Structure formats: C-alpha cells, structure tokens
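Presented sequentially are two complexes of chain A, the first with chain B as partner and the second with chain C.
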Partner chain A sequence: MTATVHRPLGGRIVTKPFLFLGLFLLIGAYFILRRFLFGMGDVSNMSNGYPIGTWVVLDVVIGTAFGCGGFAMALLIYIFNRKVYHPLMRPALLGGVFGYTLAGLAVMIDLGRYWNAFNLLLPWYAQPNSVIFEVALCVMAYITVLWLEFCPAFLERMSPEIRQRFRLDRLQAFLKRYMYVLIALGVLLPTMHQSSLGSVLLILGYKLSPLWNTIWLPLLYLISALTMGYGVVMMEATLVQRAFKTPSEAALFARLAQVVAGLLIGYLALRWGDLAYRGYLGLAFAGDWDGNLFLIETALFLAPVFVLLSRRRASQRWQFLAAISLLAGGSLYRLNSYLMAVQPGNGWTYFPSAPELMITIGVVCLEIMLYLLFIKTLPILHGSTTESHGRPS
Partner chain B sequence: MDMSRRQFLRGAAGAVVVAAPVAAASAPFAPREPKQLPPKAIGMLYDSTQCIGCKACVAACKEANGKPVEQPQYLAQWNEGTWDTAEDISGKTLNVIRVYQNGAMTEKDREKDGYAFVKRHCLHCVDPSCISVCPVSAMQKDPLTGIVTYNPDACIGCRYCVYGCPFNVPQYQFDEPFGRIAKCQFCSHRLKDNPLFSKSGQGTTTGATAASLMSEGGQPGRIPACCDVCPTGASLFGWVEDLQAEAKRRLALKPGEMYEFPRGLLGGDRPSQTAPVGHYQPHIYGEKEAGGTQVRYLTGVPHEKLGLPKLPDHSFAAVSEGMQHTLYKGLIAPVVLLGGLVVLARRGAQSHRDEDPSRNDEDSPS
Partner chain C sequence: MDSLSDHDLETCTVQDLDGYRGTLGGLTRRQFLKYCTGVAATLGLSSLMGLRIAEAATAATRPPVIWLSAQECTGCTESLLRAYHPTLETLILDMISLDYHEALCAGAGHQAEAYKAKSMKANWGKFVLVVDGSIPTKDGGVYCMVAGKPILDVVKEAAEGAAAIIGIGSCASWGGIPSSDPNPTQAKSVHEVLPGKTVINIPGCPPNPYNFLSTVLYLLTFGKPPALDTKNRPKFAYGRLIHENCERRPHFDAGRFALEFGDYGHRQGFCLYKIGCKGPETHANCPAIGFGDVGEGNWPVGIGSPCFGCTEQGVGFTKPIHALAKVQTFAPPTAFPVVNAPKGEGISPAAAAIVAGVAGLAIGAGAMALRGMDDGADSSANPRDGEK
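Right after this comes the complex of A and B.
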C-alpha cells in the first residue's frame, strides 16, 4: 500500500460546468425568493392531500441517503476495522457534509412556519413520541458531527500564522485525540435517523400500500441507507477518477462489492419474506401501478447483486453501473414509500410543478458546486504520489 | 487477503455491536396501549339522514371562526364575499357539507340512483395521529373534554399532521406566506364561556346535567356554531357517551317510524324536530374507527361512499409510537450501541495509527 496523503486537486474553480450549475442555482434562488414572499402555493403543487412534496422527499429523504457515504464507510473502516478502505473516507465524508447540510437548507424552505423552527430545541415544546422529532434532533446533531469530523481538512490548510494566532494546533490535537467519539456518534446518529425515516411512514396506515407499509420499515430504511452510502462512494470515486485522472480505486471497490451485494441480498430477502409472511405477495404481481413500481425497485436492487458477485466487479465500468442501479433502486424505494405509493383518497393527485423542481435542482447544483470547490481547495482526495495534479500546498 | 486474526476478531466484535440492537428491535413488537375516552369527552353526532344540505353550519362556522368565504376568481367581482363555494375543507374552511351522487339521484340516502349529504371536519380522535406526529406539541388533546386544539405559536409548519391524519383533516394554508394549519377545534373559544367545559368547572357526571349547559347562570351556554344553527338536529352536540346511546337508540328504531330528533344540544331545552327515522347502515362510524373518535356518524349509504374510510379498530399512532418505544425506551438501546461503537472506534482508530504511521491523518475519519 502506498502512503495515503490527501491533497487538494487544485486547478481553476470557475469552469464552464461550474457556471452551468450556477445558472440552475440562480433559477432556484429566484423561486426560493418567491416561496418566501408569496407562500408555498405560489411555486409548489403540494396540497393538503399531498402535503409532503419533492423538497422533503428528494432533498431530505433521498438526499440524506446520498449523504450516507461517510456513515457507511466509517462503519466499515472503524467499526469493522477494514482499514484498507481508508483512502475512501474523506471524500465520502465530504459527500455526507453537503448531503446533510443542504437537506437542512431544504427543510428550512419547506417548513411552513420556519420562524418557529427553533421550537424543536425548546424542551417545553418537545414531543418525544413523534418520529419526526427524533429525526429532526438527530439530523441536526449529525450535521454538527459531520462538520466537526471534517474540521481537520480545513485545519490542515490554514497558514502557520493563523494556526499559531488562534492556537489551532491545540484544537487539531484535541479533535484528533477524541475523534473516535465523533466517529462513534457518526455511526450511531445515522443509524437512528435513517431508520426513523422509515418509522415516519407507519402513521400513514391505509394510505400507504402494504407493499411498503410494514413494521420492518425502520430496518429496511437503514439497510437501504447503507447500500446507498456505498453506492455513492463508488459513483463519486469513478466520476472523480475519470474527471481528474486521479489514481483508480477500482481494486478497493472489487472487495467492497461483496459487502454491498450481501446487504442487498439481506434487504431483498427481508422485503420479500415479510411480504410473503403477511400474505401480500399477490399485490406485487397485480400488474397495477403499485405492483409495477415494486417490481421495478426489486429489479434495480437485484441487478447490482449479479454484477457485484460476478467477475465483472473488478471492472470500473461495471462497478459504476452497479452503483447507479442500486442508487436508483434506493431512491425509487424512498420516492415510492413517501409519495408514489401513497393514496390519500378523495381524488387527490400530485406531480411537482416546474418551479418546485427548480428549487430542488438548484439545491442539488449548489451541492455539486460546493463539492467541486472543496476537493479543489482542500486536502480531500487520496492523491497520487506524483505531484502532477495537486497544487503545491 | 492480509486480514490478521486480530483484525478478524475486531470485525466480529463490530458485527455483534451492530447486530445486538437490531435483534433487540426485532423482539416482539407491540403497538402502544390504546388511549381511552377522556372523562368529560364532548362530541357530536352527525346523522346524514337528517341533514338537508342547507349549509347553515358552514356559514355559521365561518362566522364563528373568522374564516373568509371561498369563491372562484371570476365570481369575486360579481357578488363579493356573499357566495361561498367551498368544495372541501381547506385553509379557509373548517367544516363543509359534501354531496354523494349516484345515477338518477332520485332518492335521498340511497346508494343506487340516490344522493346523500356528509359533513366533513375534525373528528377529534380518541388517539389522534396529528398529536402523535407533531414534533413540537402544537397539537394538543384537552385532558377533560378531549378537544384536539392547535397552537400556531408552537407549530413549525412541517405538515406531518396533514400527512398522517387518516381523515385528511388538518389543512395547511399553502397560499399564505405565513400559513397556519386550519382545523376544527370544536369552537373551543365559544365553549370557554361555558363553565362546564372550563378546566375549573364542576365535575359533571356524564349526561346527568347536560340540560344545564343551556342555561348556566341565566345565560345560555354556547355550543359549537354548527350544532347551534343546525335546523334539523343532524349535527347534535353533547357528551360522547350520551351521543353514543342516542345513536344506538336510533339504530334500534324501525325505518319510517316518527321520532323526536333533539336539536342543538342532546338533553337541552330546545324543541325537537319530529321526522321519520332513516334507513340506517347498521354501523356507528367513529365508535371504533382508528381507536375511536368523538364525532360519530349515522349514515344511510355506506360510509366509504361518503369519504369516511374503512379503518381498523386501533389508531395508527399506537403502531408508530409502539415502534418508537420499542427502539428508544429510556434511550437504553442507543446508549448501549453508542458505548459499543465508542470502544470499537477507539480501537479501530488506534490500530490505524499503530500499523500505518506514514499517513497524515491516521485517526481522523477525514
């Protein structure tokens, strides 16, 4: 194994793709402004039949799963002690930092009475029976933990004068010493809120098809968060490797592939086994909207299992395709259970409006822009031993 | 594979730490105990067969709760503010009468070729989902009367009450920049004047002194606006247990037989309305639905046709809270899991430092 040194990538920040993303960010910002001036109805198709729309489902429920790379890798590297994957940790963590921080931003856009959001932290308003209460506090705590875990990347970049003046060396030493506490919290908190994102749906009762509504929702959500976490790490690594010609991590992923395949098999076995146990297998093959969505989900989960257990797992291209498939499957699972398989009755329908989607797209573009900015300026990526791509730091 | 025995053991320890809470969570899952009707539960009996669809209750509700009329844009200039065309409850409408129509619509309260009315507003569940999901206690159930109230100062507008209500009752005001949740609160501001419903009021045994509600201290005690104005007694206010007995009484009667239908308040001193008994469905909707509700329905056509969903006898809140209590009771599982994770993460981080000193970030995850 070569020495693992994280380096900033360097290079121009304002590139054409960066400006392109910036354009979508501006469009999103315009509609966010309208949302705050004229109310949610002005930009969104949400209704009292479908009060939860794309801002929550895409940016929070799916967005945080995309941010689970740091969680999934920390579990593997530090809890199961598989240190070979260490080079993948910091980029995965960065994905988590932005996935979760921008989910928090999306929540502030989505909250109908955002100026009261602080009530979540006031003990006399606390409602511990509420699943959403648990999710809210836990996600807030996790965002804090993520930024603290990420601190060393900033501290390493500070100039010696600043480090001296603000005694940052001591802070860095302190963080280093107690990092294991943050690592433990960084595994515990996502375990809690990712499973709770599933528990949230138990309240829907008859509104959610039995294909999704089961008491196993918390465990299914937790497994899907882990698989999506690994999927994101694989996808990001491939994209970054191709775009910036950094050393390939394909060999590492070939080993990770078996872990992911095992999780996916466990997920599918639980999902189908529970369905059979409750006697709802027929619904899966009913040929209707819900049944077909369920089968598409299964196919998207099953395809990566075959790829990752075959010899193809050594190929970067196949790894990438498997990652895309499992991310699509996990996203569809979350989209279906929160929106597409929910029937409030009374003739309600929902499809997001263009401005509503532009806000979601704007938030995602901001996420990618910040990711690019950070990997270029901060020591995130596992650099090659030659300095050819890194700016001397 | 360069995995040493030591590494393997640590990996196995990790598996145990992670699997233990999962196993604990999969231990027999039980829904939370069902909640009971509050001691002085007040409620409403809506008799669809007695409703004539006059919508006096809708107008009275708007007046009592300061809600504007709803009308399409093209009518706004023509007869501003006089014609309310609310089709369903909304951010501006807490109570509405809807119509079931089928085929030729020749006979009232008949499923085929008939029509029927149904009133839609909060049913004030015994075990409400909206209270269970609210993260900031903005939804509250009065411990005596059981009225489910809303506190806009607590509410953060997350709309999970809207998402979770089995009856789709709470309505967020999407067209307002500072929208609230709108829902029927049983005219609790009117009932406040009524000493019987104030918390310091004399403990009244259910039903015994219902008549006194009408004439407390010489002043007529006020009741919810919709029941106050209902001309036929289709919307009837009272103690839930009395209303339940009244509903059972009506079900026992022969259809077509004349019956004195009480109006306003059950047991009150208003003149009753004499009318023929309807062809009821043999079911009191709200007695058991979703753990029971304080508003109950008697209908002539099956309740599913009137937008009253078929529901199990337990509240979905009991399932959801049962899950939370299984996983988080006393925060034991998370604390144990955290302890195990801290130990493993510490050893994991140390071993990384021991075995590979060349890295610049041995023990940070970043």
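Right after this comes the complex of A and C.
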C-alpha cells in the first residue's frame, strides 16, 4: 500500500463562493424557522396524496445516495482489499458524514411531530415489521458510525497540549485498533438501509408504475446507491482537484471505472430483464410521461457504461462527464420512483413550493460549505508532504 | 347473598349449582355462569349482575309464563326456537315454567286450557304474560277465537293477573301485518287493548330471540322491566337507529349506493338506502347482534336485503318496500363531490424559477469545471503511476 498522507488544504475559509452559498443557507434557514413556527403547511406543498415531498426525496433518498461514497469506497478498499484506492477514502467519508447528517436534519424538518422522534429509540414502541422503522434506526446508527470513523481526522488536528490533557493518544489508538469494527458496520448499515429505501416503495402498489415497482426494488436501490457512491467520489475528487490544484487521481479512477461499469451493466440487465420477464417492456416505449422518464434514466445510466469501458476513461473530462451522468441517472431513478412516477390517484397533484425548495437548497448549500470548511482545516485530502497545495491565506 | 360481593366466577357459590348440574341444559356450572354473565353484558349490566341472573334463573320455583297467541304466524316462536345461548328448552325447562303456549304445549284441547286456568289461578299476580300476534277488535273480536272465546277477552282476562306483560313481535307491539291498511279485523296491538297496563314491546318480524330472552331474564332478576323508550321498547335493544350501527354506513356517508339489485354497487356491498332500506328510520340492534348465531353480518342488510323497518310502527308493512326512508339523522346530499377532484398544490412560478435556476447553475458550473480539464492532467497523473 502506498503511504498516504492526509493534510489540511489551508487557505481562506470565507471566500466568494462560500458567501454565495451562505446567502442561500440564510434563505433556507428563514423558511426552516417558519416551518417550525407556523407548521409544514406554511412552507410546503406536501399533502395527504403526496406525504413524501422534496425534503425526503432530495435530501434523504438522493442525499444519502450521494453520501454513499464512504460506503462504496470502504467496500472496495477494505472488503475487496483494493488498498490502492485508499487516498480516496477520507474525502469520500467526509461526503458521507455530511450527506447522512444533513439527511437526518431534513427528516427532522419533514417529520410533522418531530418531538416524538425519540420514541424510535424506545424498544417497547418498536415496530420491527416496518421498513421505514428499519431505515430510521439504521440511518441513525450509520450517522454515529460515520462520525466515529471520521474522528481520527479531528484527533490528528488536536494540539499536543490537548492531546496530553485528554489522553487523546489512547483514544486514537483505541479507535485505530477497533476501526475494523466501525468499517464493518459502515459497510453493513448502508447495505441495509439503502436497499430498504427501495423496499419502502413496495407499499405503493399500483400507485407506482410497473416500470419502477418490482420485487427487485431493494437490490436495484442498493446497486444504484453503490454506483452513485463511486460517481460522487469521482466528481468530488475531480472538482477538488480542479479547484485546489491537488494531485490528480485520474489514474486511480481509470481503474475504478471498470468496477463502476460492471455494476451499471448488472443494474441495467436486472432492470430490463425483470421488466421483460414481467411483460411490461411495452410500457417503456409507450411514449408517455412514465415511459420517457424511464428511457431518460436508462440513457443516463448507459452513457457512463460506454465512456468507462472505452479508452476515454483515462481522460479526466470524460470521467467527470460519466460521473455526472451516472449521478443524474441515479438521482432521476430515485426522484421518479418516489415522486414523478407516483400517481396516488383521486386527483392529487404535487410540485414543491418555492419555500420548500429553498429549504432543500439551503441544506445542500450547508453541506457544501461544511465540506469546504473541513477539507481546509482538517487532514482529509491526500497530498504529498512536501508541496503546499493550498492557496496562500 | 354474600357470594355476590365476590366477582370471581370460579370461587363464588350461587345456591347449589353443582347439584344443579344436568338440569342446566347440559351446561356445566362454569358454562352456565358464563352464559348468565353474557346475558348481563347484552343488557349492559356489570358481570356481578350475571350472578344475580344465575340466582334468579335457578330459583327453586321457576316463574310461570303464560304465552297467548293472537293473530300471528308463529314466526316469533320459530325465531325463539333458533336461539342457542340458551336454547329455548333451557329457558322453558330450567328458568321459567312455560305453563301455556299453543305451539309448544305438550297437552292439547281442554287439557291445555284446563292447565292454563289452573296455573293462572295458582299464580295470580305472579305470572308473566307473553302475547304474540295482534288482537282483532272488530265485531267483538270474533276474527280470532281460541277455545271458543275471542282472544281479546282471553288477553284482557289474563292481563288482570299478570305481574308483567310482554308483547313479542311487531303484531303484538304495534299491530304488524294484520293492522296494515285496510285492516279488515281492526287489529290492534296488545298495549292498545290493555289501557293502563305497562306492556313491554319486543317488536320485530320476527324479533331477535336474544332481545326477548334478555328482557325475560331481566324481569326475573330485578322484578321490573328494563329501561323502556316512549314506545315501551327496551332501550338496550331499540335505543338506536339501525343506521347508526350499520356496517354499510361508511358507504352511505361517502355516497356509494346500490341503485338496483345485482348492480355493481349491490355486489360491492354498498349502502342499500336508495333501494329502500329503512335502516335510517328504524330502531333496532340488528347490526349489532345479527341473527342465527352464525357470526357477524348475518342480518338483512348484511346479506344485501334492504331493511324494511319491521320494528317501527308506520314503516314496516306500511311504507312501500322500495320507498326511500325518511332519514332521521341527516339526509344525504343529492350530489356528492367527485372523488377525483384536483387536490394539492401544483407548480408555482417561483418554484419553476428556482428549479430552472438550479438547473442552469448546475449546467454552468459543470461546464466551467470541464473547461481546461485534461490540459495539464497528464503531468500530474504520471508521477502517481511511478509511485506505485
């Protein structure tokens, strides 16, 4: 394994993009405040027909899929022992930490009676047959595991006096010794809840078009979460490399590309094969709203396969484009199966209201701001020890 | 009666019930006490009252009952024969002494009449009088003669010595079929021919046997009639409209009606109001207790036949079977809102602008990120390869 050194980027924290994001965060915070003062109806278009709105779909279902970078990389690095990818681990983990933590925040905004949420943790109220209960507990556990996994990054940054006083060295040694437990949990838990996010949809029955509603939903959700995890690592690393002029990981990604392409082929084969087996292939080419959404999804998933299997996979630009297409496909899959292809009947319609969207945008902005803050102040990114990559402060 | 302070059915003793075994219609002591408690529950009484019912039902001298039949069809008796908790024989052999009943008497003719006279004389002022059928009053009541006497006189005579009078069935309660227009015999209900007497009415065509049995056991236990409504019907059974407890009520409220027999709504179990169900103006507990001891839903409306209002004077045998009921709670609107009326909020200009803005920003940022990519990438990628 190559010796990898994680170091903080340094540089100014309050930059123009940071302030720009902060503006949207403030707008989002204003509407979040209104939501807690005046209730959900004040800011949201959610209804009895569409009880799941953008907060859940964008911030939780899609947000945690984006946060699967840590999961996907841990699976590859520790389970399949591909240690060459180790430099990508910490940034991916950081993405996971924020993706999941802010998904938790979004759920608290979305829950009508959030003050009852602690009941989830009381065993005598547990409903073990509920998929959504499993998701809730599993996501809570995973957020905890992610922060514990991420702890060493904080501990490494502590000043010697603090390390001395709180005996942080012993804590660090303890964490290092038992990190394998956390890593194992960190791979197990997302397997459980990412597939359960698909199982949740099974209850929709006829409300969800057969193009999406299949008994394979859990597996399809799991595979697409994995591919999105790799996609987000590719995208993040590329953007960070471009913005902060760190060493390119393009060569690493060229090898990762085949893994991703294989997963995508498996996903598409399962999806189309299942559709053909159930005899609903005609719906895909019906030319209507659902059919076209399905074809767009397939195109977005198929494009990265061709790119990543061709010689272009060595090119950073094509890698980036493939990652974007893959993420768009995965997001569209989730958006379709949770919202756009859902027809609750009885005349219900839904489109998120402007305040509802601003809350989601604010949460995403917060995520990016924290990501920028953390990579600048904590040892996240991989770099050589001799060069300074950060901009002079 | 010290046993009454003890609620536990296992440990308390009600007279010598174990010695009584074998005469409880084959019931064990525990089954019998459970049955009595069940009756108490039907009446809405506490389980303690079950013990008092057991006391009353196993009293050494069984209360005598005289059952007179006027212009009737024996439907009420037939209904009673189909009771299973208790069976009729348990009632008439173990709980009451049914001293006279035309259909069930062992004796016949003069023998039966003589025994009735003897029993009435012996139990003057103590027996329970039950009448089924309406009483013809035209021409001195000659249209219904029993043992050579108009039933009108027989009933009047027996009523004088009765401790309590029960009119069972719609005919006895309010006239029933015989009193329907043009009412050729001037048929009247029992309470109409016995002015000044309290007659407990158990209407129904036929009435549910358990309403009768519960009333009888209440009488035996407390020596007074249960709470009655203005038409002298026991409130525990006739206190509410059928409409209030009907299992098809949600269909009524939602505007889902069967419009003719065998149509889609009828097959789906929709509300029968529009094919003439009189549940909305008829007081009875039919939906709550059902008929025939075969489980829930076994009552006219439950099997798709509109209620014809047999327990309600002026409804059963009076209104046309398929005429609309006069809804006593509230009438349904003539038109209901369509079920698929547009609901929920659609897209707003601001939301559209935000989505478009985000999409534009993402595309712009992506394009900016792509710019110049690959230009210097090779130089930074190569050393890494050398490193491994």
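Here is the rule we go by: the second predicted complex is superposed on the first by the 385 of 393 C-alpha atoms of A that agree within 3 Å, B and C clash if a C-alpha of one lies under 4 Å from a C-alpha of the other, contacts with A are read in each partner's own complex, and residues count from 1 in each chain.
Keep this in mind: a contact is a pair of C-beta atoms (placed from the backbone, for glycine too) under 8 Å apart; a residue touches a chain by one contact, two chains touch by 3 or more.
This one's a predicted model, so the numbers in the text were calculated from it and none came from an experiment.
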Quick one: chain B and chain C on chain A, clash or fit? clash
May I ask you to decide whether A:W147 touches chain B, chain C, both, or neither, giving the answer as first, second, both or neither? neither
I'd like to know which partner A:R90 touches here: chain B for first, chain C for second, both or neither. first
Just checking: does A:L321 make contact with chain B only, chain C only, both, or neither of them? Give me first, second, both or neither. second
Looking at the overlay, does A:E134 come into contact with chain B only (first), chain C only (second), both, or neither? first
Is A:G49 contacted by the first partner chain B, the second partner chain C, both or neither? both
First, second, both or neither for A:Y114, with chain B first and chain C second: first
Residue contacts on chain A - larger count, chain B or chain C: B
A:G345 contacts which: chain B (first), chain C (second), both, neither? both
Thinking of the overlay built on chain A, is A:T238 touched by chain B (first), by chain C (second), by both, or by neither? second
Touching both chain B and chain C, residues of chain A: 47-49, 345-346, 348
Give every residue of chain A touching chain C within the complex, in rising order. 2, 45, 47-50, 84, 238-239, 242, 247-252, 315-317, 320-321, 324, 345-354, 356-358, 361
Residue set of chain C touching chain A in the complex reads 338-348, 350-351, 353-355, 358, 366, 369-370, 373-374, 377, 380-381, 383-385, 387-388
Touching chain A in the complex, chain B uses residues 7, 10-11, 14-15, 17-18, 21-22, 25-26, 29, 88, 90-91, 129, 132-138, 152-160, 162-164, 166, 168, 170-181, 290, 307, 309-312, 316-317, 319-321, 323-324, 327-328, 334, 337-338, 341-342, 344-349, 351-352, 355-356, 358-361, 363-366
Which residues of chain A touch chain B once you look at their complex with the stated criterion? 1, 3-6, 36-42, 44, 46-49, 51-52, 70, 74-75, 77-83, 86, 89-90, 93, 110-114, 116-117, 119-120, 125-134, 136, 149-153, 156, 175-176, 179-188, 191-192, 195, 199-200, 202-207, 215, 218-219, 344-346, 348
